[in-house]
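Order as written gives the chain letters A, B and C; numbering starts at 1 within each chain.
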Amino acid sequence: MLGIIELLGVVTFAFSGVIEAHRRGMDLVGIFAIAFVTAFGGGTLRDLLLDRTPLLWVAEPGYVLLTLAIAFLGTLALRSGFFYINESSIILPDALGLGLFSAVGTAFTLQMGLSPVIGVFMGVVSATFGGVIRDVACNEVPVIFRRGQLYATCAFLASLVFWALQAAGADYGLAVSASILVAASLRLWAVKNDVHLPI
Amino acid sequence: MLGIIELLGVVTFAFSGVIEAHRRGMDLVGIFAIAFVTAFGGGTLRDLLLDRTPLLWVAEPGYVLLTLAIAFLGTLALRSGFFYINESSIILPDALGLGLFSAVGTAFTLQMGLSPVIGVFMGVVSATFGGVIRDVACNEVPVIFRRGQLYATCAFLASLVFWALQAAGADYGLAVSASILVAASLRLWAVKNDVHLPI
Amino acid sequence: MLGIIELLGVVTFAFSGVIEAHRRGMDLVGIFAIAFVTAFGGGTLRDLLLDRTPLLWVAEPGYVLLTLAIAFLGTLALRSGFFYINESSIILPDALGLGLFSAVGTAFTLQMGLSPVIGVFMGVVSATFGGVIRDVACNEVPVIFRRGQLYATCAFLASLVFWALQAAGADYGLAVSASILVAASLRLWAVKNDVHLPI
């Protein structure tokens, strides 16, 4: 079940990169690069900061090929004009991925014996910095830094919940599921009601 | 004394990120992120390039919480309208931090037995690349790359002075103090007289 | 012979950074920084991702001084007005460097026992990401992501040819030479005939 959500998260994050790159008229090189940094940039940055090796996609090169396939097929689908797909179409899977990646990033950090503060920080970095790098590479101010609907805040609460449940002795599967539930429900609620941070 | 200047430097660098992010209308997520990369981006990049672990703020998570507090309180202060604070208000503490971080970055590199060329290079990276990452994330050409008043040049001379004094046998405290003095006096002189590099 | 092409590649990549930074009115600090990231950014990113240490220019600080000399002399040459130099002037050496850096990046990765997929991926990253970082630091969408004349594609085919020849038992010199030939001839043909990726 978690494996399915992970795959769904990676595909969704990559596809959000395809949408953004396609909108800006990039060719396949740009679309693949943006899809890749969106899907793997957050986890890669976390692992560089923590000196964890090898990186997920270096150890499992199938992810590189999968992202290439998503870039190729996604571009054909968007260009065909048969589909009308934009960010709104992927809010649900994106929100599930957001929760999962927060939990996994926090889990990896806590497993290294680091402080809960760093655990939660790395959970948020894992889940959100792929999108930050995507926006910087597309020459925009990162959308999560602007006054958008709650996004990093959902990752923050999901990471916090994961840590609290683990600290309370809950098993991994339960803690991850709770993180996903928290991130996804808060994110969907924020999008539906246009909720922003008060400051 | 050096501990006080370090704290002052971190707070000032973080606060310069808060000013920049607040000016661009970011919310707390963006303000915290920009404050953090401004304060810790230079040292983090240096440590990634040198493969030094763990990173300062990973080992001392109090810095993460401190930056969060600065982002939060700084934002409230700027929004309250009671204070009129901009870059000019922080030129002195920023110049002190510039000198200290140059010296510390050079010291860490020389301690690894690396060449003085790399020592001085890393001194400048430590002191200035937080601001470079801040500007890139804010979607601007980094201010130190434009024809501004001397800044990286002050870090360069401070790093050079640190290396020369250490090579001549001066003790650490003296070499660091001289670096801070060189960077700060050159920086203040350049700002006062609007001095730029000739090329 | 390969040593000469490597030096030529580094000088050319650095000089393309000088041209770009000079065009945007940067001072020597910006010109040196952009020249450096253009020449060494791709290889540095590859080594950070693969956790290879030490970095080339950390181990051989002469490269830092060489880049500084290129930035200084290149700026004087461009400002003197005696030379009219732009990207078109450096297409041939740039194309040779593109092929060499693709081959070398692939070789380093395969030597670590990693998959051919990662080998080819890192070949392309080594050869092209210096330019990507240059463009991001200059506040532009990276030129290789836009619908330009084939560039990353040349690096991709050069990396693929290197891997195939090594896998078939060809010696290192032959495989590198073939990579350079493939990248350079495809690149020159694409520039001459304005060839772009179909998607």
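Basically, a contact is a pair of C-beta atoms (placed from the backbone, for glycine too) under 8 Å apart; a residue touches a chain by one contact, two chains touch by 3 or more.
Computed from a prediction, not measured in an experiment: that's the story for all the values here.
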Chain-level touch network, classified as line, ring, star, complete or other: complete
Equivalent-chain rotation between subunit B and subunit A, CA atoms, steps of 5 degrees: 120
Interface composition of copies subunit A and subunit C: same or different, split at half: different
Chain centre separation (subunit A, subunit C; CA means) in Å: 30
Touching two or more other chains - residues of subunit C: 48, 51, 136, 139
In the complex with subunit C, residue positions of subunit B that touch it: 48-51, 114-115, 117-118, 121, 132, 136, 139-142, 144-148, 151-153, 196-197, 199
Contact footprint of subunit B on subunit C as seen in their complex: 21, 24-30, 33-34, 44, 48, 51, 53-55, 58, 61, 64-65, 72, 75-76, 79, 136-139
